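Next come the structures, one after another.
Two complexes are shown next, each including chain A; its partner changes from chain B in the first to chain C in the second.
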Partner chain A sequence: MNSLEVTRLVAVKDLRIELRSRVLINQVLPFAAIVMVLFAFALDNDGILDRVAPGLIWLATLFSMLVVVQRSFAVEAGDGALDALRTAGVPAQGIYFGKAIALGLQLMVLEILLFGAAFVLYNSRIAAAAGIGLLITSALAASCGLGLVGTLYGGLTTGTKGRESLLPLLLLPVVAPVLIGATRATEAALGVGGISMREGWAWVALLVTYALLFGIGGSVAFGPLVDDGA
Partner chain B sequence: MTASTTQETVRRPTGTPLTRALGIATLIGLAWFVAFGLFLSPDDVVQKKGVRILYLHVPSAWLAYLAFIVTAISSAAYLSKRTRSLTWDRLAGASAEVGVLFMGITLLTGSLWGRISWGVYWVWDSRVTTTAFLFVTYLGYLAVRGLGGTHHQRARRSAVVALLSVLEIPLVHFSVEWWRPLHQQESIANGKLSGLMLFSLFVGVIVFTLMYVWLVLHRQRLLAMQDALDDHGLEFAIAERREEAVF
Partner chain C sequence: METDPVVQLVDVVAVLDRFPALAGATLTVQRGEIVLLRGPNGAGKTTLLRLCAGLLPPTRGSAIVLGLDLSVHRQAVRSRVGLLGHSNGLYTDLTVSENVSFWGATVGASSDEIAAALDRMGLAARLSGVPVRKLSAGQRRRTALACLIARRAELWLLDEPHAGLDVAGRDELDTVLRAARAAGATMIVASHELDRAGALATRMVDVAGGQVRSAT
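Then we have the complex of A and B:
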């Protein structure tokens, strides 16, 4: 079985587990929604909310992502599934990209909800028709980057007890460029913060570079990180 | 390793004639550095006594960056099959610990200096922000080192994380720079420092480099002893109980 087939099977498996357990829908999406409401309480001013909405959307994405990543590896660690896959000779790259795709897709669902929440709660609006393309592209690029990095560090912090608390410390500094890039691109699409469309696309280029670099780095590093044999 | 050699390993001090000489040189150098930094060098025209913080700030930053470069190189050396040795791993760990300490000092002194010369403790300058990210990233690295498992598991895991950090830092730096294009002026390069001030700074960099080597050598040996204790501590304890037994 080649890596591509493994990638597809792992991604489908993860999404099927998600569809059956409904953790994303029943737990993570409500969590993200309440975070958006709490932001509104904290920044009790409609003018400010409109201005900072892009940043809040992506901040809420990052926080919710921590939960999704932990969940994604909890199902592997539970019965030693990851070790079993590796022992069976399943290529690490396949597992890595499969899990990253599943994670990226879940993040996209999350982002759709968060954008919807910003439209309803914060009264955010897309500036021009061209903004839709920018918004979708930047969200896609950011989800790819986050999926790849999240899977990488999720793999590292899976397994024995006490490691889960390490995930935010390791992951949040690494995803800072995504937060900056995706927020700026979203600001351009929503026409706030005085960022032009062109600048917005430049930030998308950063997001794509980030995803590519961590995709390459992750495909090399994931195997050594999850293999606990000496 | 038998119990008696373990005992020797564990009780062996981390000092050798070389490190003792290095330590004495460092201490003398530090005294010299304090004399230059606090007394012999003149006050700055603009910053007055505030400039003296730089004598601690710049060498600390230099030491921290040096330490993180050594960590990255040793991690790569561990991962390469030809040079795989736990000594590289311990060197990486020892270097990162010293680096985190001095990066903390860099941030602290930097924000104090910022308060004096810019009026604020913190600016969102790309260099300052990247430094803060380095600090947090290597705190994470040290936490990864403490995750447990065998020595080689620890070594491989932390080496991979160290190399991923090398990938992360330029991305953070670049994106922050792009985010906030306005730079604060380089504090050294704008030529306001007099000859004696530059000399004091130079002394600081030399002395801190000596101090780095001294600290890392000791710390690395201590880590080797801890590993030996992990490996043979039980055998050692059993052998000791056996010796106590009366037949």
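Then we have the complex of A and C:
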């Protein structure tokens, strides 16, 4: 079976498990919503909230992503399924991209909720019609990048002792470029922070580059990383 | 007598962390045989299974599995053998049939093949729609074996298959392994359960100090 078919198979399997277990709906989305509410309580100023909303949205995304990544690999490690996939000779690239797609799609659902929360709680508004395209494109690019890097580091830490604390320590510094790029692009789309639309698209280019780099690097590195534990 | 060797190991050395876990192992397994590996902990039984599964390269010697040289074609061997260790490799949130379908799909198995695998392990009727997390340990083992069948594993490598099962689960497992033997499956089983595994085996082999010492 080729990597493309394995990618589809693994992505569908991961999404089916999520639909069945409802961890995203019952745990991650409420957690993200609570984080947004707590930010509002902590800052308690409409002017400040409006200004920092893009950063808060993406910070909440990153924190929530940690839960989704850990869950994504917990289902593989629970009964040795990831080891079994590798020992069965299933192409590692297919596993990597399949899990990354499922993770990216879950992050997009999360981002829709977070943007909705920002519009309601922080009174954020899209500056102009052109901002809609920028917002959607930047969220797509950021989700791809986060899905790819999250899958790579999830695979790296799975099976290690103390993986719950190791994953944030390793992953959060690496996703800093996504936090910066996505926040700037969102600022441009929402018309805050003095970032122009043109600059916003430049930050989207950074997000796309990041996703491409981790897509290429991750597809090469994922197999040897998970094979060490097999 | 016509032979059809599935495993041919000649003087194989395999090194794990600079320790020779296999130190000149020689073993031939014919198609349709069920070989029981017996020996104390640390004798090299699991290493022998992992080598045959293509997870370890032979450092020295000749290792041919399913006609493929393990020094060169380990990835190809992996896709044709099934290794069942202490874990089952199942997704507990998915149903029995979803698990078997998933593993079958990794080799492009048809829906008929999936149904046949479920049927052969006695899972088709009552249990196919049950989530794996609701199954007993014995039923999970049966599901894992159905996954091996669905992905067309030509050689089954079972490492302590009775471990973690209660008496009913062990009886259940023995029943399906006997059925698999009757259907012509080729297996290498590492087990301390000599009574149970011995009753299933067509041949017993002693492993000690990383070598195959004797065969009966």
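Methods note: the second predicted complex is superposed on the first by the 226 of 230 C-alpha atoms of A that agree within 3 Å, B and C clash if a C-alpha of one lies under 4 Å from a C-alpha of the other, contacts with A are read in each partner's own complex, and residues count from 1 in each chain.
Following the convention adopted for this analysis, a residue touches a chain if its C-beta (ideal position, glycine included) is under 8 Å from a C-beta of that chain, and two chains touch if they have at least 3 such contacts.
Nothing here was measured: the structure is a model prediction, and the numbers come from that model.
**Student:** Classify the contacts of A:Ala189 with the two partner chains as first (chain B alone), second (chain C alone), both, or neither.
**Tutor:** neither
**Student:** Classify the contacts of A:Leu169 with the two partner chains as first (chain B alone), second (chain C alone), both, or neither.
**Tutor:** Once the two structures are laid over each other on A, A:Leu169 reaches chain B alone.
**Student:** Would you check which partner chain A:Ile180 touches, where first means chain B only, second means chain C only, and both and neither mean what they say?
**Tutor:** In the superposition, A:Ile180 contacts chain B only.
**Student:** Quick check for you: in the superposed arrangement, does A:Lys13 touch first (chain B), second (chain C), both or neither?
**Tutor:** So A:Lys13 only meets chain C here.
**Student:** Scan A:Asp79 for contacts with chain B and chain C and give back first, second, both or neither.
**Tutor:** second
**Student:** After superposition on the shared chain, which partner residues are touched by A:Leu225: those of chain B (first), chain C (second), both, or neither?
**Tutor:** In the superposition, A:Leu225 contacts chain B only.
**Student:** Which partner chains sit in contact with A:Gly89 here, chain B, chain C, both or neither? Use first/second/both/neither.
**Tutor:** second
**Student:** Pick out the shared contact residues on chain A: the ones touching chain B in one complex and chain C in the other.
**Tutor:** Touching chain B in the first complex and chain C in the second, residues 230 of chain A appear in both lists.
**Student:** Taking the complex as given, what residues does chain A use to touch chain B?
**Tutor:** Residue list for chain A touching chain B: 152, 156, 160, 162-163, 166, 169-170, 173-174, 176-177, 180-181, 184, 206, 209-210, 213-214, 217, 221, 224-225, 228, 230.
**Student:** Would you tell me which residues of chain A are touching chain C in their complex?
**Tutor:** Against chain C, the touching part of chain A is residues 1, 5-6, 9, 13, 16-17, 20-21, 75, 78-81, 83-85, 87-90, 230.
**Student:** Hey, which residues of chain B end up touching chain A in the complex?
**Tutor:** It is residues 79, 133, 136-137, 139-140, 143-144, 147-150, 152-153, 156-157, 160-161, 163-164, 167-168, 171-172, 174-176, 178-179 of chain B that touch chain A.
**Student:** What does chain C use to touch chain A in their complex?
**Tutor:** For chain C paired with chain A, touching residues are 53-55, 75-80, 82-83, 85-94, 98, 102-103, 105-108, 131-132, 140, 151.
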